[in-house]
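There are two complexes below, and they share chain A, which is joined by chain B in the first and by chain C in the second.
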Partner chain A sequence: MEETVYDKIFKPKTYTLENGKTVKQRASRTPLILLLVLIATYASFRTTGADLSLLLKRGNQFFVIIIGMFPPNFEFLSNIWGPLFDTIQMSLLGSLAGALVAVPLALLSSSNIIKNAFVNGFFKFFLSILRTLPTLVLALIFTFLFGLGTMAGMLSIFIFTSSYVGKLMYEHIENVDMGAFEANESMGLSKVEAFRYAIIPEVLPTYLSVSLYAFEGNVRYAAILGYVGAGGIGLVLNERLGWRDYPSVGMVLLVLMIVVFIIERVSEYFRRKLS
Partner chain B sequence: MNEAIQTQYNKAPNRKLYFITISIIILALLIWSFIGVDITGLDQKGTGLAVNIVRGIVTPDLEFLFDFSTQGVPYLLYETIAIALLGTVFGSLLAIPISFLMAPSVVSGPVAYITRLVVIFIRTIPSLVYGIMFIRVTGPGAYAGVLTMSITSIGMISRLYVDVIENLDRGVLEAMTSMGCTTYQKIRYGILPQLFSSFLSTTIYRFDMNLRDATILGLVGAGGIGAPLIFAMRSYRWNQVGSILIGLVVLILLVELFSNKLRSRLVSGTK
Partner chain C sequence: MIEFINVNKTYPNGVTALKDVNLKIEQGEFVAIIGLSGAGKSTLIRCINRMHEINEGTLNVDGVNVSNLRGKQVRDFRRKIGMIFQSFNLVTRTTVLNNVLVSSVPELSFWRKTLGLFPKEKKIAALEALDKVGILDKAYNRVDQLSGGQQQRVALARTLAQNPSIILADEPVASLDPVTAKVVMDDFKRINQEMEMSILINIHHVELALEYADRVIGVRKGEVVYDGKSEDVTQDVLNNIYGSLTEVPHMDDPEEAKV
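Entry: the complex of A and B
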């Protein structure tokens, strides 16, 4: 057993077995971790000014808006369809294009396909950087470049999807069993043919399933892109919240919930079929 | 290609029709979505802005980036971390009872189903709407962000917790019952060790996600680095935007690296 600094301070327990051998059990690290988490929590309390008594005192204010949403304003429904379809369309286009662009990015990042450590490293780093930028921030930047509208939202979804699908795919491709590929090659198939018959069948179901999952998340996420003017149902939501027209807000949320639920069910059904 | 292989591959079930159907559906969806999105290119103004943005990111405002007072990037990042951390702690604590109520193996079917519906409802409301609701309670600031993060974390955390609870190894419990262990011992030595590492792993993963989400709460005034970022953008101070984005990217990359290491350790159980 390797002794770390922690083991030197908190001595491991020693047991003597019946046959005379001694076994050491490390002292548990849980207390130390717990202490660190507690300190971090305390520091966060101080920094954010969190105060639980305030929650008890004014917590009912939270429900003012929720109660205001009931009953939802069904007459507002006719104003929702247009922006709702905008949201679905921009997440669909962004997801499709993103998933397509993710393929070359994933292949370039996979060390078993492109045997060049520099290229792999570069594209892996590129994908990580893209993934760190929050979608909403990207959408905000794009509204400056392309003006307010669905284009900005679509582009930010596109970038998020390609980085997300790209990362999951290169992780999967790198774990593919290369035996089949080599066997095909040794039987005289060209590299492309071997790739077609050995790698694609193994990777395709995961690719489709990951892309569907990304689309599912994108629809939910696209709903708030309107906040920064990037089109879709978020615009309506923001506007109605601003006017304190809570019954209409309730209607928007209700429709959103049903649509997200249906899309999730459909995508879950297909994903289960794929796996 | 070798003939023997060719004949073998020709024997594979023919799924052309299947693929053609899928391709047609996808193509139709693609065309439909093209109609909805008004594709616009960069105009003169946009190109100029793009150049400015890139220039701002390449030459960030270094004074702002390394300003350790409460106005600088490091403190803003620290505040964002604090929001994400506290939100994750609250969220994961709230998720424990909810996930037990969601598990069909613990409670009766209808209760589990109703809890699931409630969680779906909680999950659909966008985080920014929660932000606005909580600002009514706490006033603008980081505390509203903390409460928002707690609520939005519940959905995903409890869903993952339920999977762990459903997959508990019951053999261990049976063995302990046959050895005459008390209920406390069964929970302490039979259930907790199985749940703890998976729960912790989920929570760390959620912290990672919350950190990203906490950066946008500033949009509605719920604290964190989002508000200064938006102010800087709206007033075209691209150097400051550059410093904030650089700080964000570095922080998120570091946390991701750290959380992946921790989680793979938790899952494999090795030191």
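Entry: the complex of A and C
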């Protein structure tokens, strides 16, 4: 056992067996880590200027708004359907197209399939660049390019999904056991045939599951995209909040909650079937 | 017939895997290849179906010089040779039948193999192969629901469906328990006798090798140090194959004898 500075300050515990052999147990590092976390927390309070007393003073206003949402304005329902379907539509289309584009991106990034370090590196880098762009910012940029509306929302969801699914899939493909691939080659299958019959069946359930999960999250994302003008229900939500029309806001949130809940349940059911 | 003539093989990292190997294996023989891990047993077997390349010498299989084959010729050549692996190498997330059907992929039209649509006669051939190894009732189970012994028999059925004349087996029973190992070895023996397929098997269990194989080839550091009938293998022969005395499996080893 190598002695570090920490071990010199906090002596390790020593156990002696009956035959004279000794085993040393290092002192736990947890107190040190805990101390560092506390210092970091304090420092972030100081720099962000978070004021807890404000939470106490104004916190009750939050409940005022919540109470204002009850009872929800059911007459507003007829104004919700259109934007709601826009939201679902743009997340569905964006997820579908993103999941499809993710396949070639994942293949090109997998070092066990494409044996060219430059190609792998390039596409892995490309995928991580895509992931660093926040969806909201993408949506904002696309509204400048393609005008306000669902097109911008759909495109930003598409880009997010392809990078997300692409990343998870290449990690999965790289960890697939290549034994079946080898066996297929030994039976006289070409590399493409071996890929079709050894790798695809192994990664397909995960691919579908990851894509469904991305779709599930995208419905939630799509709801906020309206804030930057990318269409859908977020637009309505933003407008009603601006008018302080809390009963209508309550209605929008209620419908959104129900829809997200249903989609999550359905997706969870299918994902459980796939695993 | 498989014929090694002065075959040498060195890996790019400088390790010599085969040194001046000369062998002649007739059609229908049951051969066990024994030796320490790293002695070159796997390399020896994998050169036969060109999963590995040889550096020097000639390797003829049924009159064909293996080293001269290119591209599609290699793949067509491999159709006649089955291969069994220690870790079964099946696709675990699909059905048993789908795994066996893979062996017929090269014979399908482009659309059929892209979409995975297998004609009825291939399905029947695959089911018959499963029946031969006694797991027909598992045809529509997913492979990951099967035990190790059953999985190795799926691999065997996959090879049988290919209808090869030679089966190469690389440690086929090393990850199985002793009882299941015997069952799988019985399958090999039966296939060898009923279908006259040549069987070359790499094996660590000396007792099993001597019990099932007609002929034993001992490999040490890439060289063939014993080649003869399994009845003629003595403790001296084993000492020679396994080199240092501490590593030698004893013929009367109770651990081995239990198998």
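In this section, the second predicted complex is superposed on the first by the 269 of 275 C-alpha atoms of A that agree within 3 Å, B and C clash if a C-alpha of one lies under 4 Å from a C-alpha of the other, contacts with A are read in each partner's own complex, and residues count from 1 in each chain.
We adopt the following convention: contacts are C-beta pairs under 8 Å (C-beta built on N, C-alpha and C of every residue); 3 or more make two chains touch, one makes a residue touch a chain.
Keep in mind the model is a prediction, meaning the values are calculated, not measured.
Visitor: Chain A superposed: clash or fit between chain B and chain C?
Guide: clash
Visitor: Can A:202 be said to touch chain B (first), chain C (second), both, or neither?
Guide: second
Visitor: In the overlaid three-chain picture, which partner chain does A:89 touch, first (chain B) or second (chain C), both, or neither?
Guide: A:89 contacts chain B only, not chain C.
Visitor: A:185 in the overlay: touching chain B, chain C, both, or neither? Say first, second, both or neither.
Guide: second
Visitor: Answer with first, second, both or neither: which of chain B and chain C does A:20 touch in the superposed model?
Guide: neither
Visitor: Where does A:140 make contact in the superposed view: on chain B (first), on chain C (second), on both, or on neither?
Guide: In the superposed model, A:140 contacts chain B only, not chain C.
Visitor: For A:62, is the partner it touches chain B (first), chain C (second), both, or none of the two (neither)?
Guide: The answer is first: A:62 touches chain B but not chain C.
Visitor: Counting only touches as set out at the top, which of chain B and chain C does A:71 meet: first, second, both, neither?
Guide: It touches nothing on chain B or chain C.
Visitor: More residues of chain A are touched by which partner: chain B or chain C?
Guide: Result: the larger residue contact count on chain A belongs to B.
Visitor: Name the stretch of chain C, from among 95-103, 131-139, 167-175 or 203-211, that runs into chain B once the two structures are superposed.
Guide: 95-103
Visitor: Which parts of chain A are touched by chain B and by chain C alike?
Guide: 184, 187-190, 193, 197
Visitor: Over in the complex, which chain C residues touch chain A? Could you list them?
Guide: 49, 51, 75-79, 81-83, 85, 87-94, 98, 102-103, 105-106, 113-114, 116, 155, 158-159, 162
Visitor: Give the list of chain B residues in touch with chain A in this complex.
Guide: 1-2, 4-5, 9, 26, 29-30, 32-43, 46, 49-50, 53, 78-79, 81-83, 85-86, 89, 120-121, 124-129, 132-134, 136-138, 141-143, 145-147, 212-213, 215-216, 219, 223, 226, 229-230, 233, 245, 248-249, 252-253, 256, 271
Visitor: Under the stated contact criterion, what part of chain A meets chain B in this complex?
Guide: The contact residues of chain A facing chain B are 2, 4, 37, 40-41, 43-45, 47-51, 54-55, 58-59, 61-62, 64-66, 85-86, 88-90, 92-93, 96, 128-129, 132-134, 136-137, 140-141, 144-147, 149-151, 154, 184, 187-190, 193, 197, 220, 223-224, 227-228, 234, 237, 241, 249, 253, 256-257, 260-261.
Visitor: List the residues on chain A that touch chain C in their complex, please.
Guide: Residues of chain A touching chain C: 177, 179-180, 182-190, 193, 196-198, 201-202, 204-205.
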